[in-house]
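Listed after this line are the structures, all set down as structure tokens.
Common to both upcoming complexes is subunit A, partnered first by subunit B, then by subunit C.
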Partner chain A sequence: MIWDWAFAFEILPVLGRAAIVTIEATLLGFIIAALLGLVLAVVRIAVPWTGWTISVLVELIRSTPLLIQIFFLYFVLPKFGVVLDAFTAGVLAIGIHYAAYCSEVYRAGFDNIHRGQWEAAIALNLSSWTTFKDIIIPQAIPPIVPALGNYLVALFKETPLLSAIAVLELMQTAKIIGSETFRYTEPITLVGLFFLAMSLVSAALIRSLEGVLNRRTMR
Partner chain B sequence: MGIRTLVGMLVAALAVIGVLATQEAYSLFLPGLLQGAVLTIEIALLGSLLAVVMGVLAALARMYGPAPLRWLATVYVEIFRGTSALVQLFWLFFVLPQFGVSLDAFLVAVLALGLNVGAYGSEVVRGAIQSVARGQWEAATALNMSRAQMLRRIILPQAFVAMIPPWGNLFIELLKSTALVSLITLSDLAFKAQQMNQNTFKTIPIFTLVLLMYLAMSLVLTIGMRLLERRASLGLARGRAA
Partner chain C sequence: MTEQPMVRFENVSKRYGALTVLDGLDLEIKRGEKVSVIGPSGSGKTTVLRMLMTLETINDGVIWVEGEPLTHMHRNGKLVPADINHIRKIRAKIGMVFQSFNLFPHMTAMANCIEAPITVLGMKRADAEARAADLLEMVGLGQKKGHYPSQLSGGQQQRVAIARALAMRPKIMLFDEVTSALDPELVGEVLEVIRKLGREHDLTMLMVTHQMGFAKEFSDRVCFFHAGKICEQGPPKELFGAPKNERTQQFLRAVLEAG
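Let's look at the complex of A and B:
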């Protein structure tokens, strides 16, 4: 028997609990990515001399594998006295990795704001903090929401990497079930189906969100 | 980022590796890591080749194929884009043998990464073909070309230029994904790093070298794709499509 339904149903609750860890890691990682990315993009504009440093930093983060970055945070930080548990180190690494990608998305959003908006803000003597908070960000964010959404899905699909530092998320749990029972077919296939379902649903959500945002900006 | 900055970064990365190699704490690990890097490069090259082939085939099947082929290509693209690369790698490595198909780890790595990136690539190819002006199709029809001739002689050479930058990004993704193959027992760069780290606990030198080596490989790839793009679009601007 290649596929055992009874076994599949038996492991479903265990995988379900692990799926919660996966979703937690996704959401926390994305919060870090979205906020840190925004900070990087704003600092780059607000403090011009940081531009070169930030773009080199972004290039460094984007050119090296996430897996190595996860190992780096998990194994190297303790040498400097910062001991993080696997979940925290992993989520932090994923968040920083995707912050580099998100900062480029925000930058595209800022570049799309008409020059006159910046000039008007200067003419009205607004501080650069108020300019960003009340003028630029409210206009720049809605058009880039779909792009950020795509990175959320991409980040979600990277969370299995956390299994490499033994975080008990979906993939790690599936591997443990596999090594205990010598049945890999059901756990790994179920994990794959879970990712497929979530990705398809979120892709559909992003498409409809895009439609809503387009209609709003068309008005 | 300009090509000069990229070349500057590459030179800097190689210089740092060179300087570190003179230190005994670092040079100790270099031979093993280089061995791993060779495997990483092999997998990346073969995977990229498979990705391009799959990308073009899936895009053509989805656009011009008969219904069953179109359906098959769509399922392929959705499955490989919808699940994560690591799940695909594990599925091919652990589950496929239970259906009686045992592939060795190297083949699994190339297959999984190539098929994964190929699925993303098919969208790139599709977009690039659709970006070729309608008039080109009409002119080719007027010249009485067959569909295959049109694609081969008129459309694909022009679409090729539009494809280069997004394929460059995908190749970088693939290169970075090769780190995952360390989890299915292949001794690539990431695996060597892990292994040496467990044996010696010299975490900082090992991972610094590994990050620099991946950086150098990515930069070589980025610079290469930029040069290719420059060359290919030069040809178009002069009106003699590549």
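Let's look at the complex of A and C:
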């Protein structure tokens, strides 16, 4: 038999610790992506002359592989005096990469806000900060939660790329177990199952969040 | 010395590319005056309101509010285009009600009415709520404070929008075809609120309207716009009773026929 239950149970605790690193990287990466993406989208509207620069930046990030960006932050930035540890560099790269995607999602959300909402905000003399914070963002976010959620799951599934710069997340840990014991079947399968389970759970969570948000805005 | 006009358009032009929407507009509105703007669509009448609310920039001229420039500011003895701080200071005197209401759909009627007083005027929540409650009462919606716009009829939404604009204590109120999006049976309740405002408040009002009957009865002066210019203006009795300009006559005839 190629599947050894005893071995699988033996490596579970190690993989469990690595899973925590994966989840940390996912959450931190997504927080960066969601916030930076929002900042990019807001700045593009609030400061019109930045539009072109931000478009180029977003296109540049979306059109190059994430792996290259990870390598860039980890191996190239130190040449300019910026030394980041592997986890930080990896999380930053993932966050920035997905921020580019998220900013487009936010932009679509903002585009969907009726022009009259902006005009009412002007007529009430609201500052641009208040307009975004109280009027535009609360209306723009609920419809784009599913799209943002998809990027959360996509980002999560890309965290194994961090193994390329030796972050001890799930994939890297599985590879180490494999190379030390010459048994790849159990660690790789368990890692795959973990990703499957987590993806399904997150998808379900996003769906219920979507439901809550829809109920609130349909009032 | 005569009193400063509340609003003065001085040779104001608005162009979209090759299209001239307003051509050298000169218009003065006195404090407390109620002015109706009528005219065919595309005549630039809504643009007048939108420029005054700073929703549109202007290409030429200066708009003055109580003797201060709105679109410009004084710097080294010259008039230069206004920055956002100056614009916000002057436009605080102006409120606007829109054809499509433009209430904030994620906020209750009450929240719609206290948002700007709290964030812009810095009012305490309790004070803002008390004032908003009075205003909602005044527009006949005292019982609907906790309702969301989607739970209100068009006429009710528009009355909330009027209360929301009044909560900022404007000196000038702009009404942009405020009954055009309403079912006929809801027009009356909104006009009644505007009448009441006219009676009880010393507001300067400028309204674009298709309700000729209301313009006739309510306004001190009616301006007929055609092709980006004021074609004819005067007291409603004269303009509706004995229009001098041929275009005004044509327009009024067409409107009357349409019923």
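Keep this in mind: the second predicted complex is superposed on the first by the 219 of 219 C-alpha atoms of A that agree within 3 Å, B and C clash if a C-alpha of one lies under 4 Å from a C-alpha of the other, contacts with A are read in each partner's own complex, and residues count from 1 in each chain.
Heads up, the rule we're going with is that a contact is a pair of C-beta atoms (placed from the backbone, for glycine too) under 8 Å apart; a residue touches a chain by one contact, two chains touch by 3 or more.
Since the model is a prediction, treat every value here as computed from it, not as a measurement.
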First (subunit B), second (subunit C), both or neither touched by A:S103: neither
First, second, both or neither for A:Q117, with subunit B first and subunit C second: second
Subunit A residues touched - subunit C or subunit B, whichever exceeds: B
Touching partner for A:S127 - first (subunit B), second (subunit C), both, neither: second
First (subunit B), second (subunit C), both or neither touched by A:F71: first
Subunit B versus subunit C as contact partner of A:I135, first or second or both or neither: second
Footprint overlap on subunit A, comparing subunit B with subunit C: none
Of all residues in subunit C, those that touch subunit A in their complex: 53-55, 88, 91-92, 94-96, 98, 100-106, 115-116, 119-120, 148, 150-151, 164-165, 168
Complex interface listing, subunit A residues touching subunit C: 114, 116-117, 119-120, 122-127, 130, 134-135, 138-139, 217-219
Residue ranges of subunit B touching subunit A (in the complex, touch as defined): 1, 5-6, 9, 78-79, 81-88, 90-91, 94-95, 98-99, 172, 176-180, 182-183, 190, 193-194, 197, 203-204, 207, 210-211, 214-215, 218-219, 222
Subunit A residues touching subunit B - in the complex, by the definition given at the top: 2, 55-56, 59-60, 62-69, 71-72, 75-76, 79, 157-161, 163-164, 171, 174-175, 178, 183-185, 188-189, 191-192, 195-196, 199-200, 203
